[in-house]
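These are the structures, in structure tokens.
Look at the two complexes coming up: chain A is in both, with chain B in one and chain C in the other.
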Partner chain A sequence: MSADPDRTAGADAGATETLPVTEGVEADRLAELLGDLVRRRDEHLNADAAFEVHPDDVQETLFTLRDEAGFDHCSCVTAQEYDDRFESIYHLKKYDDPTQEVSVVVPTDKADPRSESAEPVYRTADWHEREAYDLVGIEYDDHPDLRRILLPETWQGHPLSKDYDQDRPQVVTLQEHANPLEEDHKDSESDTMFLNIGPHHPATHGVLHLKTTLDGEQVADVDPDIGYLHRCEEQMCQQGTYRHQIMPYPDRWDYISAGLLNEWAYARAAEDLADIEVPDYAQVIRTMSAELCRIASHMLAVGTFALDVYGDFTAIFMYAIREREKAQKVLEDLTGQRMMFNYFRLGGVVWDIPEPRDEFFERARDFLDGLPQATQEFHDLLTTNEIFQLRCVDTGILPPETAKSYGATGPVARGSGIDVDLRRDDPYGYYDELDWDVITQDGCDNYARVLVRLREVEESAKIIEQCLDLLEDWPEDDREIQANVPRTLKPDPDTETYRAVEAAKGELGIYIRSDGTDTPARFKIRSPCFSNLQTLSEMAEGEYIADLVAALGSLDIVLGEVDR
Partner chain B sequence: MSSKDTPTTDASTTTRDARMGEGLDDRFNSKLREAFGSSPFILTKFDKFMNWVRGSSMFMLQFGIACCSIEMMHTYAVKHDLDRFGAGVPRASPRQADVIIVPGTIVSKFAPRMKRVYDQMPEPKFVIGMGSCTISGGPFQEGYNVVKGAEEVIPVDIHVPGTGAVLRTRPGRGRRTARRGDRRGDPRDAVQLG
Partner chain C sequence: MAATPLQEDVTLLPETIARTLGLDAYGFAGQILAALIGAFIVGNVMLAMTGVAGPWAKRKITAAFTDRIAVNRVGPFGLLIIVADAVRLLSKELIVPENVDRPAWDLAPLVVAGSALLGFAVIPMGNGIHLADPEVGLAYVFATASLASVGLVMAGYASNNKYSLLGGLRAVAQNVAYEIPLVVTGVSVVIFAGSLRMGEIVAVQRETLVVLAGVPIPSWFAIVNPFAFVLFVVANLAEVGRNPFDTPEAPTEIVAGYQTEYSSVYFVLFYLGEFVHIFLGGAIIATLFLGGPAGPVLPGFVWFVIKIWAVFLFTQWARSAMPRVRIDQLMEIGWKGLLVLSFANLVLTAIIVGVIA
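Moving on to the complex of A and B:
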């Protein structure tokens, strides 16, 4: 695996070394470190240590954990309402070792839910807390810009809080975005201009709105405005039963054919919650099909990126779609669907490789055999192309430390030289039995991110190849595709877990709290794109407007997942 | 959390009437019905119709919302190649487009924007609602933020049901819109239809 220059550098990594990993004891050491800050200790399934702290001690606690214990990754902030209190949970991890987790639980008063913001510690908390405010209604002191993020400004109430009445009509009017052509949007003194990009714009990859301030041709400020595809995924999942009703929704989070990767995120969290063991054979099928999804997803990322930086609907886009079609064909053979697979079940997959098996394997291998040539084509057309390099090399710079503080994961982090991949670091499925590499690039620019994706496609192909071999030789009487899972699942009340998988865009995590019924009491999705998108302003400010578009394309966001 | 405590929105949303006024919600009151009687189908010769399709080049708007737009992209890329019908180049500006395919879930914040994009298209214009989400809100119908069908915002000419797997139906349906557009020669007629 590629060396990571940041592993040895930086204050955070240095601090990690002073606190060696010793399972179990770790939690006690942390408790000792925090001392009086901890009001109560609890356990979550994913983290031995769940510390309850006072709403006014949030920053102190997090600073201590970050600087002295090396928890440099705030992967998610979950907010929820209980009968007697509100609660924010900060799920912390380490980039060096994501299996070390700690949850910081901040209960707040029911009448006046207010706690300290974590934004000064982790930049990523900015948006996460805005979302918590928007949907649940907790207010964060010290937050730089606490306003709604997903719902329109005029929305009344907080939809995931207990007293929200969904049947009350909401009035959402067409508020004019500031019109860039009107004279008054030009500030005569500083000579800046306000420019709206989106929400209907070919380069925003969906319905994203960027409020951009230009100084000449350079970007002075960019503020992504999201929520144009907020379709209540969390509410939908909270209404569904664990066993069957939730699984169709993950397909629609990251819908770039990455459905199975998302399904795996839910499956992993729920299997953890209900203590289900997945048979090996099913794990191999999962691993294989998930990697097919990753290829399809990365292909679209590369295709649309090429479209953004120098194309139209021409060769590269078409080539990318061609490879996707092939991958989708294999997936369709397997799952019966091109996009909305709904193929995983808790405890396994829904059915075995389709008969005749040989034909399926042959088709999958055909696809893999053609892939080296296809990636070579991309390298010829794209990465070795001068124009492309001019647009991408040294533009959209994202230094590793910035990426970490924004909680960037996936190809975006790996393009900044951060050696993190949950498939290897927090193994699940069959990945740890297989031979493959984590790809990192040190460029920190748009070019590095494209390279990471293209090379990851090759790695995925390697994984699929090995899975196919395994599946072919698997003894016939041992092909168990599903564990024995009860028809109605009712996990123990008040069990909490946060589990993540490496989806196409990065760490896709699910937090579930059960309340003893067959539906989750809280279902929170940590989407990689949500965090990745936050880095946009860091990458684009001070650059040319054209590079903003390139930087956005290289982030490979999908709005279904950003907004959920 | 809210799910268990508050009743979910009724599928036929009682609030909709309050918002839109009575009668407006009747999904079958389209001009199409008035023009063709009870059946909203038009019968013609396939050849004639296909020739028209190739001749009139319906330009569609490059308009991606949600999951369905991915399949929409596949429709106009290799393999399915919508260019065969002279419609393969998506237009980035609504002012150049004849057809708007609404490919995805419409939520409260986006609905006014979509209306505006639609308003900017020149007449005659046609709307294809792609996927269950544009028909009823689809899988997200019960969501607090989801508009229960594109038709609450703009008039939809053709609904293509299904979720995600609609690609196979789409090129065919595209032809049918084009057939409706056959009347473009007579603008009044087209306006009446649209």
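Moving on to the complex of A and C:
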């Protein structure tokens, strides 16, 4: 197989053959397991091993890795174009141990970029491959439904491919556009009704369009249509310099006050790529501020979920907003911003805790002191309410195996009893020095997901408390907020890494490939909401329309992050 | 026990008007004119209350429940928002979507708003404000109140919108399911009172039940039969479509249900109609269970208004604090829960009254 004539990486094969093989017994064992499927070993900074396989061997390779080596989490599919080939990278992990990572690299021919779809192995690959097809232009054989996902069906060209003509006008006549109203008529043969939920609807939490087929009040089929908020975030990050120009963008992915968590995803990936060591003091500040963001974000999630189940503006929503507001006040004191923080820098944070420090600590502690009472209020008003339980227990069921297959992470996975949290399993920041717990619930339903969020708020408060203690006692002459990072960062060419952090919604990962310049050659965002949203049809089909709305609310998606 | 009518000096409002204005002299035509004037007065009082409730009181009440301030910029306590909102709502463009079923679509808001107002004709509001007191008073009130379902179905079907259709279907399913317990519970009161006549029902409740520490406790049916009272209040919540039973509108599920496509004046009519309905529900509760306009010190009419506002407050409280049940759960609660309980209540009441009497 190594002598395959249509090997696409032929041109630089001689050069890359000599690449150092990633060390480790695990990598060799995997190589042995895959045997002839592996055509070449590549190096990714994050992964134990990166195997290059033939486009026709994708499913076989992935099945082997999933079933025999336990890589049950396809966290991301990155597609990119080189001068001589297209490449799809499947970033695989294990739910049990996310530090065990393997990348499966599938190079495809430049003229006819086709490779086998991974959808039969990991259902999450469905959307990820559609995105790859949409933006880069790789076609996947055996894919159940390969059409554009972020851009309109009528879009001309693939924006992240090298021959994309930006100046080509994208004017499409009305006739050519698929008319959403066309399907709006009842089929005379069937008893179902097609209903467009969104893009403007009170419960879609943004511009999401659910193509729903109703059988009476029950959902027979639901197909989320995304892309309304696609803002070319990946493209923009590819045009920014590592050092300063990329950091403001992450704030705009999950814009529901979870900005610092997103910034951390980029910081972690870029620091890994450029080998930057972050001082401990900065790590503590990062940990504290990120957890504040998590509280703010979870509060909004619980509040809007209550909105979906209660209807109108109810007490619970305002209570949640009130707590979020308090967290935001502390964040504002720290970063000067309420939502678009831009506070992290590669190698640390932009500035220290504001003077007078005592005042800041006091305000932060005030917030934490009030929090137990607030969460108790939520339990009194929300989770112990019988009608709420009637609505949420045993609705929107997401079994753990399904969740894993769809690559669900964060509170959605933990609500299905999957014990996964990157803060603990793949430690970064200061988390492994602190005392806190990962919350899981076995309910697999809407109720479990809400409980996870509420209890995670309590854990976050614990983390912040400890960070505040540490910061208060930190010796004054050792408060280093930033490592010494060169003004212009130019990581070594052809270094690739995929790094993820536990954002409010789950695993937020960034894949960066450098080409020796000061901007990334490929910047891919693995958004937790994107994967989580895929589970919606599993959760909602066969349930009532009210449960569809509740399930959507319990997923806590932010369209800014889904569409990027 | 209620064989002899307890009502004394039953002077209805039209009669008072006729006598005051000297319309008696014109015979039947005079009576009609007096009745119209009376209806005009009562209707406007109710609409004025709705006007206060819709744009202002509802906001203030909800704000109090949710830790906010609400309108406070226009006029004292933001009261002039009523004027501002009226102008705003009435000056909006009336958008008529394509392919709506025209006469039905136009009539629906009128039916909804009108049906609720009709009910007030037989409600005794104290101080002689009582338009008519027919033998079948209670049956009439229930009949007019349920006319609204027709309006909702018309709106839902004629709007040519799937959300409206779903809302209309939900509304009619819900009203049918909850009207039966409502009426059956009402009947248990009739068994006590021995009459469907509203004036009579109020009069019966004037009797003193017990004297506690020198304070006479009237035999309001809420005190005599609290079980029926609770059933009635719950069924009434469903009847007026407020949380936990606001499924016909369910903003986060089906946008606004049957009223999705309505704008401007038509929307105002729906909006008003809903509030009039809540007040009518309050008036029925006050009449059947809370002694109508009875109360110490203050004049009867004031007590009556206080009572219906208390019911309004209760619906707003429920709205702010209770989750909405799903449509199938709603049906289950209605048919399997409330219906059974209301019949149990009816049978028990019948037995008790039979044994005592």
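Criterion: the second predicted complex is superposed on the first by the 526 of 564 C-alpha atoms of A that agree within 3 Å, B and C clash if a C-alpha of one lies under 4 Å from a C-alpha of the other, contacts with A are read in each partner's own complex, and residues count from 1 in each chain.
One rule holds for everything that comes next: a contact is a pair of C-beta atoms (placed from the backbone, for glycine too) under 8 Å apart; a residue touches a chain by one contact, two chains touch by 3 or more.
Every value quoted in this text rests on a predicted model; they were computed, and no experiment measured them.
Of the two partner chains, chain B is the only one touched by A:300; chain C is not.
Touch criterion met: A:252 reaches chain B, while chain C stays clear of it. In the superposition on chain A, A:166 makes contact with chain B only, while chain C stays out of contact range. When both complexes are overlaid on chain A, the residue A:143 reaches neither chain B nor chain C.
Applying the stated contact rule after C-alpha superposition, one finds that A:310 touches chain C and leaves chain B untouched.
By the touch criterion defined above, A:385 lies against chain C but remains apart from chain B after alignment on the C-alpha atoms of chain A. In the superposed pair of complexes, A:202 makes contact with chain B and with chain C alike. Looking at the shared chain after the overlay, A:66 reaches neither chain B nor chain C.
Contacts of A:193 after superposition on the shared chain: chain C is touched, whereas chain B is not.
When both complexes are aligned on chain A by C-alpha atoms, chain A residues 201-202, 313, 317-318, 322 touch chain B in the first and chain C in the second.
Taken in their complex, chain A has these residues touching chain B: 80-81, 150-152, 155, 159-162, 164-170, 172-175, 199-202, 205-207, 227-233, 235-236, 238-239, 248-249, 251-252, 255-257, 300, 313, 317-318, 321-322, 324-325, 337-340, 517, 519, 521-522, 559-560. Here chain A touches chain C in the complex through residues 193, 195, 201-203, 217, 306-315, 317-319, 322, 381, 385, 387-388, 390-391, 544-547, 549, going by the rule given at the top.
The touching residues of chain C, counted against chain A in their complex, run 62, 65-68, 162-163, 166, 243-244, 246-247, 249-255, 319-329. Those residues of chain B that touch chain A in the complex are listed here as 1-10, 14-15, 18-19, 62-67, 69-71, 73-74, 76-79, 88-90, 92, 94, 104-105, 107-117, 139-140, 142-146, 163-165, 167.
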